[in-house]
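Common to both upcoming complexes is chain A, partnered first by chain B, then by chain C.
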Partner chain A sequence: MATSSRLTVSQSDSPRVVIVGAGPAGTRCAETLLAAGIKPILIDENRRDGGQIYRRQPEGFKRDYPALYGTEAAKARDLHESFDRLRGQIDYRPDTLAWNLTAGQLCCVNQGLHTVVDYDALMLCAGATDRLMPIKGWQLAGTYSLGGSQIALKSQSVSIGSRVVFMGSGPLLYLVASQYVKAGADVAAVLDTSPFSKRIGAMPNLLARPGLLFNGMKLLAQLYRAKVPVHLGVKPEEILGDEQEGVSAVRVQLANGNTLTVPCDALALGYHLRPETQLADLAGCGLRFDEVSGQWVLAVDEEGRTSVKGVYAAGDGAKIRGADAAEQAGRLAALALLEDLGKPVSRQLVDDVRKSLVVMDRFRVGLAEAFPWPAAQAAALPDDAIVCRCEMISAGELRGVVREKGACEVNRAKAFSRVGMGRCQGRYCSQAGAEVIAAESGVPVEKVGRQRGQAPVKPLSMYTDEVVS
Partner chain B sequence: MSGRFVRLGERDRPVVNLIVDGAPVEALQGDTLMVALLTRKAALRQSEFDSGRRAGFCLMGACQDCWVWTRSGERLRACSNEVRNGLDIVTTQPEAKWPLLHG
Partner chain C sequence: MRQPKVDVLIVGGGFMGSASAFFLRQRGRSVTLLERDVVGQYASGVNFGNVRRQGRHLGQLELSNRSWALWKRLPELIGEDLEFLPSGHMRVCYREDEIPDLEAYAAAPEARELDLKVYAGKELHQRFPFLGADVKGGSYAPHDGHANPRLAAPAFARAAIRAGARVEERTEVANVEKVGNVFEVTTTDGRIFTADQLLITAGAWAQKLSAQFGEPVPLDTFGPQMSVTEPVPYALPTVIGVYTKIPHEVIYFRQIARGNIVIGGGVRTKPDMINRRAHVDPHSTINQIQQMRRLLPGIGNLNIIRVWSGIESYTPDSLPVIGPSGKVDGLFYAFGFCGHGFQLGPGVGDVMAELISTGSTSTSISDFDIRRFAIVTEHASKAS
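The block that comes next holds the complex of A and B.
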């Protein structure tokens, strides 16, 4: 990474440190910095801390921690309580979007007001979103991202429909389905694209964290007890429905070759997570193609330093390893910064945190093996399946620009087809789009490139005013 | 279909009165606009690029599929804005009519 990581700052007694994201990584990062006498600015797009995983319900809701967070209740409570102790001592700016940056300056907008925040060091704890593979019909109303379906329940105590199918792959599929069952929702089926054999093959790595593996098995047992049909190794074919009324059923091919159609009015779809790397990308940080998960992730050293001096990253925004690892990585990135500022840091503590992350990394590999990204589905998408939900651009149109314009690089194909140019800015179509391009052009997916980050990283309102201080 | 989202709990909250497309709507304090709207109807808005209806997608402020507007034209993400008494929401973009290019 950066050749010499030593940071020089104008006022070494009070370096200006800005953290983006108040989830598990950002919270632990802020806590570690504060303990060392640095008061960070913590910018978070959400109204409340906790990130997505430990998202707090609105004031006035009464469910307790076990009801909200299940097996993770103690961790959620601990993170929230840690944050509550911190918030009066740091410069916490919720409801604030960091939408662009230049060297040393982060552009933010809060309630329509624009501010520029100066920094000596930037800690990117930006988190992740669901990773999506399109299926014909996924633009129909009633199709939600898997993480979105969990937010509906956790944050609002609603189900996304009166009869819900969970489809995709990954541990979250089983977690959210069982949370829905527990909350009294009607879960019509869980349809996992990963076959059972993958789980057996992944066992050695999954055994790195036997407790989590056991929790996963308990979730599956709960679903069986509730008589929820669970099918493994399915091939998604189509979400059926009407463009006015939305989803009415989903059709898949089962592992035995039979076709199964499940009537439903809502579908939660997701294949694990993808990192939010746009701000790091704009800062010029290097990314690398992660063979295990088949996606681009930030290139960081073991402690969270990116390739750009003074920019650090932790949590799922750097590497998808889940909430426990995010807490540890947040601490570690803070320790790395302290070290780079020439502050005393306990090597023992650094080594202990690093060691805990090695175990979590092995488990991460196990999860990727057990629930692989279904790259082949992109090649099998029918031409009339929509890839870009924002602007209704089909797989056939994307394939057309590969064939007719020779666009076998993601950004070029985006320019011709507009896949990745809509209002989600490629968050939900770009990875699948890359797979479509790769399959059509015969170029390996790691060679078709990745969509470049663009400012603003999320749409801004035309009514944004600048605050001049 | 009357409503898309189904309330599973937390029903014991004060009522909040807002206006959606000119009509009074009752919601519960702490509801996002998305929940207030989708517990009553099947969709939030019209897609600009086809004749389909949309009802949001990610619920975490990333997909921008749940835009609604205040009467004065301020754009809001329905998933990440809470209801307030007297809030006046429109679900079609004020002063913008998109031709349906796909029929």
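The block that comes next holds the complex of A and C.
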């Protein structure tokens, strides 16, 4: 980590700082920098600020804060108002995709135009996406991620189906299900792969934030009041349906061993979150395998410095701790940068922010214990289940390249099988793919490697034109 | 740890090394192949996948023809087809005054087997209606095609192993020398591999080894610039490449049967030889997008979903090094393929096996002799 070394900039009086992501982390990062006299460039892929959890509805939509954000309404309003105050004072570039980078240059596309943005420091606040586990039939139309189903509701006030099942594990499962109930949707069932016993075991860590724990219980109570069947400790077996009509039902094995088939026309899946690390990976930042969540995450120090000088990360893209922690981490990364630039920084402030994150970190561990990633599910996938939906590659085909071609490393298996080669760039299949490879080869999952990041971070339109400056 | 002596030791598990191992086994030679990483990772695994004869140096076509015959027989030889599609190759140009170059090439006696046909004007756009209006002429090679480079070297290595070869991956060579009549190759893990004959097929790293035998080659390294779109219905069987002297105009593409369009070309980058990684220059991708819209205007609705690069080696005269050492008996080379080695892979393997086993080859490879650099090096040293 570059903790001790100072950051040198091309124009020392006005360092060029680029923030990627206008969610809770990016907003607080921008605010902290601005307060110190640095005017950052803020790049965001969305049309409006707020990120995912505090996603703002399109201009002209008139739902109020409680309707949109429930228990988080006050925080959402506070963040949006902070952003609105900043907006005129920073170089804010919405609807802009940072698709690639080189040392000192971020490559961006906005409405079909390509621009290169020079930076001395890069603050990656790229957030997270759903962590998905394949299930036989998940390629059928009507299968969504939890995050996707939430965006449909929050952004456009639309339900993903007329009878919806929520399946997976993690806090988002209950949050989105209850948001659907509240919006008047027909929620057919909530199917959680984590057994009740895990929640008891996680209680000591979850009690780090009793307020959040209480909110979680309230969500569950809302679901019970609405008579939504909630099953814990289920084993997902298959999403039923056909190519013409899409999803018609989901079949699981209940904790008591019985089989349950729930008719539905849409399904939202998710197992908590995975960090968006592509830009950091392309920048050469180190990653490490996080034992708690069982996935690769960015290697950052406590204040958000990555292994590459001048590149910082905050929010769920650095460590999955939720929105409150993201706001604090955004502030902290900004303070770290200011310190590295040799600017005066209040040590007290840094310590206070760090301290607040310790509690959130304990809660993060509690969540991982309560809603564990069901690695064994990948190993148990039937051979005909699709692992990579972009390229339509089955678990059997992936196992075949491990067995017959000796591909016990994920990039090798990708080269031979195409798992992770499609337009999602392995976001939604590479973790489960790694579990399949690990199980088939008998190598621990942290030893089978991780898919190397490849540009573009998101698909790049062939209509893109270079801006001649 | 001295390993049992074999007939032939091969250093470098790219396409050339793997194919040589396979064909040497066909001739009954005992073979060990040493690869520092895993087989087929660098130039062999990341190239465009052109199985193209037209446009090559005319003196290379005899070797290329021999290779083409082997590409056709892959399922019978190694049990896999490497997704080889002999779907035709079109070399197009943007200027009227470049058409005579294409015609001259098509008329050359060496190119006879390629059955080239030069198209221009209305006939060209009727036959290839998807090409942009800037395209003025083109030379069509009906028998050329494309294949999947990621599969090639590993498939040959597996076939070689099945045929009795020993392939040692993650085995890095520290030193090579000839002691008496025996080649001794010491690896970084302390093993000593020995053989009567030694073949160096180490691509961008080969010249470090050839220099140890007093035969340095001025080898340069570059990273190809590749990208691929999402899949769309298969409609473009012909591989298309632009013939031009302007570097940023160089662009070529192929659609694979499952629908993705693979694109290559533009200005190559310098790889990071310490970490052995090569990156695509973002400006290359943007340039490719623009060049592709010029060549294939209908592509505008697609997206680039992935880009990649790799490490290729280049010689000053753009010709590879293939053949025996000029200084040491029993030593052979096949490296420096300058970004156009993929099609040659099976042919080079077959030729090297013939040369190593019999002392000569029926295919002319004299243009690729390593001694051509000895003259340059001697001149350079006299000058300095």
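As a convention for this text, the second predicted complex is superposed on the first by the 467 of 469 C-alpha atoms of A that agree within 3 Å, B and C clash if a C-alpha of one lies under 4 Å from a C-alpha of the other, contacts with A are read in each partner's own complex, and residues count from 1 in each chain.
What we mean here is this: a contact is a pair of C-beta atoms (placed from the backbone, for glycine too) under 8 Å apart; a residue touches a chain by one contact, two chains touch by 3 or more.
For clarity, every value in this text was computed on a predicted model and none was experimentally measured.
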Fill in: First, second, both or neither for A:Lys405, with chain B first and chain C second
second
Worksheet item: Now for A:Phe416: first (chain B), second (chain C), both, or neither, which partner does it touch?
Response: second
Worksheet entry | Partner chain(s) touched by A:Asp118 [first = chain B, second = chain C, both, neither] | neither
Worksheet item: Between chain B (first) and chain C (second), which does A:Asp383 come into contact with in this model arrangement: first, second, both, or neither?
Response: neither
Discussion item. Just checking: does A:Asp351 make contact with chain B only, chain C only, both, or neither of them? Give me first, second, both or neither.
Written reply: neither
Worksheet item: After lining up the shared chain so the two structures overlap, which partner does A:Cys107 touch, if you call chain B first and chain C second: first, second, both or neither?
Response: second
Item to complete: Mind telling me which of the two, chain B or chain C, contacts the most residues of chain A?
Response: B
Fill in: Touched partner set for A:Asp301, first chain B, second chain C, both or neither
neither
Worksheet item: Taking the superposition as given, does A:Pro459 touch the first partner, chain B, the second, chain C, both, or neither?
Response: both
Worksheet entry | Touching both chain B and chain C, residues of chain A | 423, 459, 461, 463
Fill in: Residue ranges of chain A in contact with chain B within the complex
45-47, 52, 57-63, 112, 129-130, 139-145, 147-149, 151-153, 155-162, 183-185, 243-246, 265-266, 389-392, 423-424, 427-428, 458-459, 461, 463
Worksheet entry | chain A residues touching chain C - in the complex, by the definition given at the top | 99-102, 105, 107, 114, 116, 405, 409, 412, 415-416, 421-423, 425, 454-456, 459-466
Item to complete: Using the touch definition up top, name the residues of chain B that touch chain A in the complex.
Response: 1, 4-10, 12-14, 29-32, 35, 39, 42-43, 47, 49-65, 73-75, 79-80, 82, 102
Item to complete: Could you please specify the touching residues of chain C with respect to chain A in the complex?
Response: 38, 45, 150-151, 154, 158, 229-230, 279-282, 285-286, 289-290, 292-293, 299-308
